[in-house]
């Protein structure tokens, strides 16, 4: 008797679940319908050259047009030596001379025409794989470029979201480990809601011959990369790229939106802003929005959009909450929030008194064991 | 321990005497092979598998230039064959950067690069030069075989792979060093790694597709290939880079750090 | 197989002078042209600069006759590199070319020819090519060429075809049909085996109208 009841309950549950599943499925379908509408590959309204910014800056959003446009994106691959940490140099392979590469901002349905140039003095052929592209290799084959040449290819930004791009020339791991990544934002129809501040952050690891802190020009260490044992885990390509004088800025009351990517090459990020709770998180950079999140996972080769409101002034430190990466390997960034205090939300320290533990209540005090 | 050391010294002496012997012979005897090293017959394991299996290839003996062709040497060729001068060369055979480092059609204009390897030369130009001097370009197999020999004058304990990776991770200097300025290998050949990339005769024979991540799943639409060409050793990053570089080329391309050297059959 | 290749390489290497282009011939009657014609001739020159027919040297056709590429001037050539013992891709490519031929409008028939070049210098003799042409029912508008392995390598570079001889005979190769204009310049490349014949015919039309 009892068992039948259980079975019945189970059946009802199952039915309910499949119904919900059906609803979900329908939701999915209508979503992809709207996507194919957006990508209704009609005539392009016009053509312009994308404004590109280097981290942590984000290009301004463009007014939303009814028809998609052709967006020309010019990227040059430059191999150059830059500072990785204090006293530590590294030969980076870069898109446009910075790590991460430029932030690209387009709108759903736009045709993105990529002009990838490889500096004549570079040693390596390079290419670019856009996670925002639909097509073989995300453009990797189409953009394979020898030093001293330029490749042109284009793709439709069919889906909105925040996407990583990276070099995929052989050996892929090394091209990523040396700094060849960046992000492209494909704004959904109608654009993102306006906020006060937007910033661009990419987490990544560096595998150097020398240990963390060893000075001088450091070379890439293949064995450490294969073992996934980085010497540095950083935000925006360098230790201290976003701390101290380089910290991001906001004011009390500002809505802040962070475009956060994880280039890897190996580690998954547990992204956390100390002292903030995310109002909104676009999970994995896609269209599902979660609320009231403390720490969000960002897979290697993935991204997320987080939003929060600055309510109290101070320094807000961002970390990979796999915490030894933050305080031993460099995965720290800072947001300086200026403005008026709000003790109703956060009091600051209001009291500091002496503390005398009450020994009589504490049965675990070692001296008492003998009495038992 | 002592025995080992003695053996090592004997080995080194033997090696150096062999290489100097072959050099002397080529200088004294056959003018055509002056400046060339005789690469002995042997076998080696190529980077790419054949039909998904690592193979060992038997190699014949051949001559290979001890150093890459220099700007000064290439100038002689251009003077004798003006159709290969910068202003005359057909765009079909060399792109717009052909001999860009020179001051003019028949002038190098910078004596610091006289003995640097000539770069910004196309495959067609390299083939024509080789023909002019009575030689040919080495095949990819020949080049790879000659290049797998370890350096004899490398810093102690430095592996060939490390030397190569270190070179790859540094941008090209504005003035390329002279030939014979890096390592000499066990075959008596200089600079196979660490100076410039080099053309090989059949560089367009590697069929892996441009996207290294899809190797093993070759597009049957685009390629008629019996077996996918996978890497034997996935950690051989140096070879990955060399093969990726070759695949990014077309025969009329000229690149600032791409030169060549010649080979010759043993008659 | 490869050893044989190495041995015959130097003997077969193309002479340096082969590369000199016959630009002077092209410029011959430049004297009295109006402006429009001059622009035309400027275009022509730039096409000639890209002409694959700058590559001289004699090939042998399926009738055993020696021909130079330059003799192909004047007609659009629908071109592919194949070898006759290929079991899969090459027959398909030839079939694709035949499908293009069948769909060509009448007025284009005498302006377009078809060209097959063999990778297989050893086995694809002119006799074998003749046999293959018969077997595949290829008419006189088709030219099948045999050349030395060096000539083939050089042409593969210009047509951007990758290929490698295999140990047991046969070849790995990339699959592409190249449409050459009347001057021998590359007008379009159609990659892959599943081609859209109508689009290909349009590409041929374009090449006919180009020069």
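Should a chain be cited, it is by its letter among A, B and C, assigned in written order, with residues numbered from 1 in that chain.
FYI, a contact is a pair of C-beta atoms (placed from the backbone, for glycine too) under 8 Å apart; a residue touches a chain by one contact, two chains touch by 3 or more.
Keep in mind the model is a prediction, meaning the values are calculated, not measured.
Common neighbours of subunit A and subunit C under the contact rule above are B. Centroid distances from subunit C, each centroid being the mean of CA atoms, peak for A.
A comparison of C-alpha centroids places B closest to the centre of the full protein.
Distance between chain centres (mean CA atoms), subunit A to subunit C: 50 Å. Centroids built from CA atoms put subunit B at 42 Å from subunit A. Averaging C-alpha coordinates per chain places the centre of subunit B 31 Å away from that of subunit C.
Multi-chain contact residues of subunit C, defined as those touching 2 or more other chains: none present. Contact with two or more other chains is made by residues 219, 250 of subunit B. For subunit A in complex with subunit B, the residues that touch the partner chain are 79-81, 91, 120-125, 127, 136-137, 140-141, 144-149, 168-172, 174, 178, 219-220, 222, 226. On the subunit B side of its complex with subunit C, the touching residues are 50, 60, 62, 81, 83-84, 90-93, 123-124, 127-128, 130-132, 134-136, 139, 141, 201-202, 204-207, 219-226, 250-252, 264-265. Residue ranges on subunit C touching subunit B, taken from their complex, read 2-3, 6-7, 9-10, 13-17, 19-21, 49-52, 54, 86, 88-90, 153-154, 156-158, 160-164, 166-167, 170-176, 191-194. Across the complex, subunit A is touched by residues 97, 165-172, 174, 197, 209-214, 219, 235, 237, 240-241, 243-245, 247-250, 253-258 of subunit B.
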